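Naming follows writing order (A, B, C and D), and every chain is counted from residue 1.
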Amino acid sequence: MQVLSNYYNIKRNQKEEIDMDKLMQDANRFVSDIVDGLVLAHPNQYEKVEGLNVVKRKGGAIADKVGLVSGGGSGHEPAHAGYIGDGMLDAAVCGEVFTSPTPDMVLEGIKAADGGAGVLLVVKNYSGDVMNFDMAKDLAELEGIQVETVVVNDDISIQNEEDRRGVAGTVFVHKIAGAAAASGKSLDEVKQVADKVISRVRSMGMALSPCYMPESGKPGFELPDDEMWIGIGIHGEKGVERKAVAPVKDIAAQLVEHLTAEVTDKRIAVMVNGMGGTPVSELYLTYKYVSELLEQKGYEIVRPYVGNYMTALEMHGFSITLLPVDEELLQYLDASSKAIGFLV
Amino acid sequence: MKLTVEALRRALLATADAIEQQKDELTDLDREIGDGDHGINMSRGFQGVKKELEAQNSLTDLGELSKLVGMTLIKTVGGASGPLYGTAFVKFATKWKDKQSAEGEDLFAGFKEATEGIKSRGKSQVGQKTMVDIWEPFTAALQTDTSLEKVIDQALADTKAMVATKGRASYFGEETKAVQDPGALSSSILLKNIAEVLLHD
Amino acid sequence: MQVLSNYYNIKRNQKEEIDMDKLMQDANRFVSDIVDGLVLAHPNQYEKVEGLNVVKRKGGAIADKVGLVSGGGSGHEPAHAGYIGDGMLDAAVCGEVFTSPTPDMVLEGIKAADGGAGVLLVVKNYSGDVMNFDMAKDLAELEGIQVETVVVNDDISIQNEEDRRGVAGTVFVHKIAGAAAASGKSLDEVKQVADKVISRVRSMGMALSPCYMPESGKPGFELPDDEMWIGIGIHGEKGVERKAVAPVKDIAAQLVEHLTAEVTDKRIAVMVNGMGGTPVSELYLTYKYVSELLEQKGYEIVRPYVGNYMTALEMHGFSITLLPVDEELLQYLDASSKAIGFLV
Amino acid sequence: MKLTVEALRRALLATADAIEQQKDELTDLDREIGDGDHGINMSRGFQGVKKELEAQNSLTDLGELSKLVGMTLIKTVGGASGPLYGTAFVKFATKWKDKQSAEGEDLFAGFKEATEGIKSRGKSQVGQKTMVDIWEPFTAALQTDTSLEKVIDQALADTKAMVATKGRASYFGEETKAVQDPGALSSSILLKNIAEVLLHD
């Protein structure tokens, strides 16, 4: 069954306007095709858990190392499977597009990551993810695996702190907790440093254009080409403010204003993250203004990261993440990583 | 009002068909105040349930049937709605274990347990514009003489007017007043189909 | 002057439809903003030649190593500056968008790369690039620097071999010639291995949507959303065949058919390259089908590469590059590289 | 027909203005059969020339002036047109070195050298639908009595009908018959402005 060609044919017959542009084969296999491609392209690094969209380190868990598992809905590539690798994650659980994976899948991820020293789950703060990973934790504990969970909630677009979403800051949690685990820390210690990152990291994003759900062919939000959304999520959720497109410095200034209101420490790592459809050229261009604005406010950028790290399908836009760092966090940021999405 | 294995099976199959019918509507509501996948999620789940029901048509125990449905939903839906609907059916199973049918207090106890299960799984309560706002009044109405259908319709109308404070819809605040909660709509579809078999059997 | 906001304002006042979506500040500074951002984001690795859009390895040329210089029009990021780094290029010359840089700029790149063992210029086969790099070579030789040139022409969309464009295959030339230079080979030897790659490498691409020139705001080509171009270039040039969008396997099959007609050796490196606006998810999905198709035809993929390597601004699409390899080329492909666009 | 320093300066300033006027047209032609930057490139180049001319208004030598223009174009335009136009002016300079004006054989020799320079730099010849198809007939006409303006118009019409076999336009083969070559159009703008001063001075 070729949902893609059907999709286009139906639309053409109905003389409907088609907005979606996607390289795909069959919407029902969209996620497994991505996962298969990733594993095929990195055969020495990744392995798929038979029959499931769960990716693990080739060769399995490392004995006596704390295992790191993340995941969530798909559509955020290279997150989360692209962060598997020595120094970062051990397994990633890939749900349907923008839909949390099920507990049985997460359980398989936990089993794949468990080397006897327990497993830390890095969960983004969405009801679905929290519930499914929670149920999986219960199941894993029944099987005698020690499991801890941290929940990332870095998106300051959301006023109410309890509802804050996990977005690009999650990648810093993967990197730092991954390095701590690789250095031989215990489950408690790894959880502690992950929570330290979570307590510090803040993000905010914007979009020039929406992303399209592969199955429905519909955009997450409507947006005229001359307008943009400020404060979007990574699932096609519209933002908190819609306004005319502006020069990137003005956009960056608005995001930086919000972020710096919450980040008082001045020594920071900065991530300018693309939303999937943003060319790296525009990300570097954006970084120029972001770094200028931050420096004007007295921040010292000790580690800059620019790239498509936590995306929303083909959405065109960016987010800024600020992470105040100390020597411990810096050391973990700089530690070696073989993950294809974050090579150090 | 009595819920037999056969009646619940019939209600579930009817729900699966109705979800297919309203799949786009559910998804479009979720695009407005969520992430645009609720119809897709519910369709995947209830098509899974339909398949299981068709494969295992010799079940005679309401508890077994509920557990099968709950586990299927948990394993196929994902997202927020998967654990919530899954938990509801698993909770039915704990109350209807070894029963071939449920009525009166037993029937109520099952729905009470399911609703509490949804609330504790979701850390949610009535008034937050979620599926809870359908399940809770429905369950209460089982102990009264009111028409279940009317109760559901009223609950739907009430839910629509609420401001969301839970789940993805909560990001959109006041704006959500104008839009129905997708999980409330899908819950109304399921519970109406159950009400239907309760009233006519 | 804010060309971006002016652009949108003018269009809005004229009630014109606006298609372009770009993160930018000022179209007149588009390229220098990108270059500045790149250098700011990698301060330990890159340096700008004062006042010019020429990027060089921080610390300058390596004594007695053959210098490698590439460049061309901008809009192909991470090419070419992103391929500077130990094991690849020493300098990159960044022209205006899709416009070859001028000879004086190229000369600065050559000077920055020269460590006394001569400099190899890796040029893509466009009249403009060939002429400007040629003039720069003359100028450099006047200053006593030994310069050789190789011209990459891997795009088989063009029938006439003389006119074949240099596209994503250029990245393999950078990598392999870069590794050869790093290993201490002479200018002649480095040129020889570069020419070996050029004689073998073949590419072909497609686009689902065009790219927009930052200054004019206009798309390189018109393309309804339900159609695609096969055989596009990397400057918004339309392709050789326009047809209805198809499932990605059908598209890949058409490209693979053309490519395998020219590549008879079966042991190959494969690159699935995004055109800038293609999310990495779609690239991995595409790779799945590309690799299946190639394996069905008896090819053995010994090195897969998937990513946005040689882009055309925000164009959404991909190209496939095949490079038949032997032990020498494999060894150079696998050699260490610190270039941000091709970390090994 | 005599080309003085002052006349060439005037022709160049007029060309700079005309290019600004026709910038979008040049770019649009290049979008059709190229990469959509010719107007942008020519504008950058001739605005650069204008700036240089305004800064250095004491030049009295046709060779110096041509060299300044050539080097400015080479340094500011880039692309294919930069080296080609740049080479043309550098070649003028070699023939008009130390001259305050050029006429007759001198005038012709300059244009002959420029046209040959373009051809050898671009490895191109007449009939390939490039700027050469304007420069060559213009140069030839300098030795005849024909109206230079008419020659240019005819050359433009002839060029439009050609199939491109050189530069980016060559990718589009037969299709190029319907579209004017952007470099031919920009060459016609420059050469018409030169013709203008030649005829009226």
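We adopt the following convention: contacts are C-beta pairs under 8 Å (C-beta built on N, C-alpha and C of every residue); 3 or more make two chains touch, one makes a residue touch a chain.
By chain, with names taken from UniProt: B, D = phosphoenolpyruvate--glycerone phosphotransferase.
On a predicted model such as this, the values are computed, not experimentally measured, just so you know.
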Intersection of the contact lists for chain C and chain D: none
Steps in the shortest chain-to-chain touch route ending at chain C and beginning at chain B: 2
Centre distance in Å when chain A and chain C are each reduced to the mean of their C-alpha atoms: 28
Averaged-CA centre spacing for the pair chain B and chain A, given as whole angstrom: 31
Between chain B and chain D, centroid-to-centroid distance (C-alpha), Å: 76
Euclidean distance of C-alpha centroids - chain A vs chain D, Å: 54
Residue list for chain A, restricted to those that touch at least two other chains: none
Residue list for chain D, restricted to those that touch at least two other chains: none
Touching chain combinations (by label order): A-B, A-C, C-D
In the complex, chain B residues that touch chain A: 24, 27-28, 31, 34-37, 40-41, 44, 74-84, 121-122, 165-168, 170-172
Chain B contact footprint on chain A (complex, rising order): 73, 95-104, 126-128, 131-132, 135, 157-158, 160, 163, 165, 213, 215-216, 218, 220-221, 233, 235-238, 240
Touching residues on chain A, where the partner in the complex is chain C: 2, 4-5, 8, 11-12, 17-26, 30, 33-34, 36-38, 40-43, 74-75, 77-78, 82, 208-209, 224-226, 244-249, 251, 272, 276-289, 291, 304-306, 308, 311, 313-314, 316-318, 343
